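There are two complexes below, and they share subunit A, which is joined by subunit B in the first and by subunit C in the second.
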Partner chain A sequence: MSQDMSDDKLPQAHGAGEGHGDVAAADNPFADPGLPPHEPRRTDIDERAAKRAERQVSLLFIVSMLATVGFIASYVAIDPSKIVYVFPLGHINALNFALGMTLGVALFCIGAGAVHWARTLMSDVEIADDRHAIEADDDVRADVIQKFKTGAAESGFGRRKMIRNTLIGSMALVPLSGVVLLRDLGPLPEEKLDVTGWKEATPTNPIRLINMNTNLPMKAEDIGVGSLTFAKPGPSALRPGGLQESDEDFQEAIATDALMLVRLQPTDIKDPQSAALGFEGVLAYSKICTHVGCPISLYEQQTHHALCPCHQSTFDLSDGARVIFGPAGHPLPQLKITTDASGYLIATQDFTLPVGPSFWERNA
Partner chain B sequence: MKKLSARRRHPLAALVVLLFALVASGGLYAAFAPAEKAQADSSAQSLAIDEGKRLFAVGCSSCHGLNGQGTTMGPSLVGVGSAAVDFQVGTGRMPAQQPGAQVPRKQPIYSQPEIDQLAAFVASLGPGPVTPTKDQYTATETDAIAKGGELFRTNCSQCHNFAGAGGALTQGKYAPSLENVDPKHIYEAMQTGPQNMPSFPDSTMPEKQKQEIVAFVRYQANEAPNPGGLSLGSLGPVTEGLFGWIFGLGVLIAIAIWVAAHTTKAKKS
Partner chain C sequence: MSSSASAKTAAPASTRAKPANKAEAAADYLDGRLGIYSLAKSNLRKIFPDHWSFMLGEICLYTFIIIILTGVYLTLFFKPSMGEVVYNGSYAPLNGIRMSEAYASTLNISFEVRGGLLIRQIHHWAAIVFVAAMFVHMMRVFFTGAFRKPREINWIFGFLLLFLGFFDGFLGYSLPDDLLSGTGIRFMEGAILAVPLVGTYIAMFLFGGQFPGTDIVPRFFTIHVLLIPGVMLGLLVAHLILVFYHKHTQWAGPGRTEKNVVGMPLMPVYMAKAGGFFFLVFGIIAAMSAIASVNPVWAYGPYRPDQVSTDAQPDWYMGFAEGLIRVMPGWEIRAWGHTLNLGVFIPLMLFPLVLLMIAVYPFIEAWITGDKREHHILDRPRNAPVRTALGAAWISLYLVLLSGGGNDLIATHFHLSLNDITYFVRVGSFVVPVIVYFVTKRWCLGLQRRDKDKVLHGRETGVIKRLPHGEFIEVHAQLPQDKLHTLTAHEQYEPVELPAEVDENGVARKVGLMTKTRAKLSEGYFGEHGQIPKPTAEEHQEITSGHGHH
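Let's turn to the complex of A and B:
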């Protein structure tokens, strides 16, 4: 029906566009010019040219096969630690180079052979295929609708309301079982996000700050103005040996416990609260960015800025690690430090704020 | 040994022991005492300070003050030590040509003897890190490079990049590439913390660890093989991706255009 109507609306199209372009009417400048006449290829008319193209395609495929054999042979034969000089790549692992080249040639030759085959030997006769409506014709549609209505009536879906409603109810409840299973994603974090390895530190049982380089405790005078030192927690009740790289959970623990120790001239510290948490200008900040938890330690000693390498959040360590640029939402937590009787730097309490990125239940 | 112990009660034993003790203490004194030569050294030292002071007055005092006390243009040099001078002047950073976010490295202006004289003068202003000797910055152990790599990744790579290629900091400042830096200057930079680089004093990073880092940086710059070839400046995934997208895809597109531009028809039009 719709086809009939559109035909009626386009009377001009009738007659003029029937068939191909060479019969285009002079009064219609936009008539379909049709396909240009078919031109044969050399390989269509010259059997010897066709044979040559066939040999070329086969040659490409054979080169591909040889390259694959070469790939396997290099994998077996070449010493993985051998370094060779290849211009312009420089010194390069011989095995990597051989594997890359042979696999590259093998894949390239398959593609090049296929393209050459299609261009020279496969039929290139132009074909026009007219478009047609996607919808089915009226008879088929009426038949399908009739069958659907019959089926619905026979099932009694509309008439027996109790069956219909309980079916909807059961279908709606099934997905709940999947939702409940989400609980198996892991134990609840409990207080894990709020505390760090420094939580065992108390005024009576302090934890010493251990230098990451030397694995030894530090005194305040070891930390010069303008220097940068990284530290981790020393022995505590929970970890009698202190946090060691050989510990099974070292990576997990250092991801919350890592400290960045800097020393500022006490007159340069703008935030008195931050100065009070430090010891004579030695400030211990969390090394973990409050944005997404990257280790942050690009410290500029003259501006006292610490920069995060991931998203360029910048913290002013002279002003309580206030965020002065970038996406981080909180200042870096600062650990309260002091010294013990022997002069070593110690922590007497955990961070007062949660370390690392924000989370839903974050209190502060 | 038996002979010796048998004669320990000989009347002359005490005399012999005394003689040995005298010779030993005299020898030790001769070995360690500051001899006349040391005095000659100190006069050479004061000569160097005088020469350095003259050079300083001409080349440095306009910013750092006639006595290195610092002005609004440049910081005080009291207590920066000879290592800082050797680094700053030896890498050409000082004298600075113009103020800016960061003073860049350039061809050194002073010769090494002149630098030593300047360093002697600045060192005389106050105690500070001393220019290291070759023994101090040269690692001897065979595992130094491996240990240095670990220390480098903990302490240096955040700014200087995992391969020492350098990187950007805030507001025009940057961590320079370590590729062609003299081992002595790498050591001095860690000791003194030039410009915005924090220092890594011996109290938190012992001399041996600095040697190891120097060994790693030199290895990385000179000998480290590159298993993949074509490091693209070791700048990480950004340059690698850019290269892949622009050159890799570009070559493929060029090949596709070349293929399409060449007709296979017998009659060329």
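Let's turn to the complex of A and C:
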């Protein structure tokens, strides 16, 4: 592609024949005058200045030593829970402050001393060193290629095709063992992402909604209009005590089962389907954001908007949790709820849609 | 055989001079086994040029060492386990709370281990500085053209270090299993789920089952302390070997050519300066960790998937990815029983692509210039206007996305509408880089004109003279030769031209699309709108030969 483009558009190599037109190199005003002469520093010519610099460097090293002693003393003497007031930082942990400052000074002074030493007392005469081209010359190149060809010919790799092909085959297959070994990293997804802990709920064996804060079942009237109440599943056949923090799989369960209950005036609910899934204006939505799974925790009671604090997806809870702003791609799933004979809120079936972020197999 | 006879003869005397002292003897011993003299011959007095911007890479190296040192200390106390414990320690507000051992041991490091909080904070501060320094170092290399031949591969090594640094930082602040870090991991799970076909499988295999499971912290721990740092150490050593092998770049100036390197020797000046600089960096980070708290995990509480704090933010370097995910519209395609979550998948793909844009740039520029020579003299950013403008545009894209990642903080601190900021970032991601490109290019061309003016007409002396006929002029003084040389030392390419439509035999020539594209780009880079022709010696002679000032 570039062979038909001339390379003579490249500028002259720097340093090789200063190509400034017709002006002779001698009177070229832009010619390289060469390295400027060395300008001595004060410490180069004044022995007293050099002595002073020497004392300054040593002083820095001495301060470093003292700071290290201070570090050890602080470590031994200061109680780790002691809080002190340090202006302008405020009330801070005394030990952390003392250790950090003494270590900082001990290290900084070594560095400052070394740099000061280099700048004042070591020679600052600039030296020019030659560069050599990175690429080898043509003789070396030809020699290496010849050696490689000899080696390749002696191996017979190109000539003995059967050996070559079987070697390639075996080398290609052998890493598969490593891949297979990764299989037990985790289970297959199967239906795991489609269901939640509420799947145990049936019309004959409903599950009560338990208030996350009080750990008690709730009646519809316990939920105030305009507030957001968080709930978890109550006792079921699988979990006779209901979902408890002490359960071994509490984290996995709450990551899918967490509910967000809101009570609206029935007339405010715009989506009749959503109203039908609720009970007397109490609607139970999944608390897990459909964007990337943060729990939704902010609620604006005037507008019925729920906001995810992570990426600001905003859902209209009066309209089937429709996404009205932000990066979420679909509404929050809603759990069908009703009440049992004692008036407690119950679920009689699982969410009809998977909770949480979208995934490839999600069928909706 | 005479072997029995010769076996009795004494070992032949060494031709080497007798060592003058014990140190020389020790060096002789090592040289006989390791060949240290040949190694030291070219390196002991190796010349390094001096410029403040060459320290940026050193900061990266030193913070990496600090991270390794403090990281090893933290592993002595940190328990990478998600086994549940009830906290009972000296941080009273969390007493009696259930949490993972990872979180409990992080609290233990912060409150019971003396100096543990300091080391944890040094580790975290050093990581923040490490990524920032790599970023600025990369920008230095970019804007000065130090990535040109022979350093393209070292540029890639550096880029991989930056990319791995991002990930290791993310993994690191995920380990304490506090509410904030758990939220970050949840975000990662959601992003993985958005991958078509295999997303759910990757998520299940990574977490060992359903989120969060009990595997993720120990798995992240191994990746964070062994796998990624191991790879990074290898890349770092290769990066440094190449810096030594290529010898450092230098700025144009009197006595400095493409064939030499001018500066001061490794021993003693750079051993003292660079060695001392390690202690300066370490000292400053230690002092920072004494006075500024970073990631106060005790304030967040243990992770629970149904709880979150507001203003959840990643470390700064992940901020642009956060911006991508926040401002992307929630596009989802649902068809044939499947969901394609473009609202998350596109940002997930853009994250590496934004970084890759800068990584491949050296190869694109090399293709456009067609220049196969080595370059050791740095470009001043103004003398490569298109490159500088592209780099500035890239930085502006990064910053616009970063502000998208902090849209909630900007909204609350500056009392702005969060929605407006998000809409601005959506549009700004496309518009701002274009504006920045044109402004920067014009700026560079302006600076080139000023340089040309200074070379041809000298510098302004501040002396105002009144001419006999009443005109006021400012006296200009000629620049000394070293300044003239420095300002005119840069090379200027000419745009490549398309080959003639017909070849020498009158046969129509086919010009490929790539050839045409290259010619167009070359015109943009080096055509009349891409650079100001630098002054020639003839122009200078004509003006200075005595026709006075105009």
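The rule we apply is simple: the second predicted complex is superposed on the first by the 327 of 364 C-alpha atoms of A that agree within 3 Å, B and C clash if a C-alpha of one lies under 4 Å from a C-alpha of the other, contacts with A are read in each partner's own complex, and residues count from 1 in each chain.
FYI, a contact is a pair of C-beta atoms (placed from the backbone, for glycine too) under 8 Å apart; a residue touches a chain by one contact, two chains touch by 3 or more.
This is a predicted model, so every value here is computed, not measured.
Of the two partner chains, neither subunit B nor subunit C is touched by A:Gly320. In the superposition on chain A, contact is made by A:Thr43 with subunit B only, not with subunit C. In the superposition on chain A, contact is made by A:Thr229 with subunit B only, not with subunit C. Once the two complexes are laid over each other on the shared chain, residue contacts for A:Ile110 go to subunit C alone; subunit B is not touched. Of the two partner chains, subunit B and subunit C are each touched by A:Phe97. In the superposition on chain A, A:Asp32 makes contact with subunit C only, while subunit B stays out of contact range.
By the touch criterion stated above, A:Glu252 is placed in contact with subunit C alone, subunit B being left untouched. When the shared chain is aligned, no partner comes close enough to touch A:Pro333: not subunit B, not subunit C.
Contacts of A:Gly278 after superposition on the shared chain: neither subunit B nor subunit C is touched.
Of the residues of subunit A, those at positions 89, 92-93, 96-97, 115, 119, 124, 212, 230, 295, 297-298, 309, 312, 325 touch subunit B in one of the two structures and subunit C in the other.
Chain contact summary for the complex, subunit B toward subunit A: residues 151, 154-155, 158-159, 167, 169-170, 173, 175, 193, 195-201, 203-206, 209, 225-231, 259, 264-267, 269. For subunit A in complex with subunit B, the residues that touch the partner chain are 39-46, 83, 86, 88-93, 96-97, 115, 119-120, 124, 211-214, 218, 221-224, 226-230, 262, 295, 297-303, 305, 307, 309, 312, 314, 325. On the subunit A side of its complex with subunit C, the touching residues are 1-2, 4-7, 9-15, 20-23, 27-36, 75, 80-81, 89, 92-93, 95-101, 103-115, 117-119, 122-131, 133-135, 182, 185-189, 192-193, 212, 230, 245-246, 251-252, 254-256, 258, 287-288, 291-295, 297-298, 309-313, 323, 325-330, 356-364.
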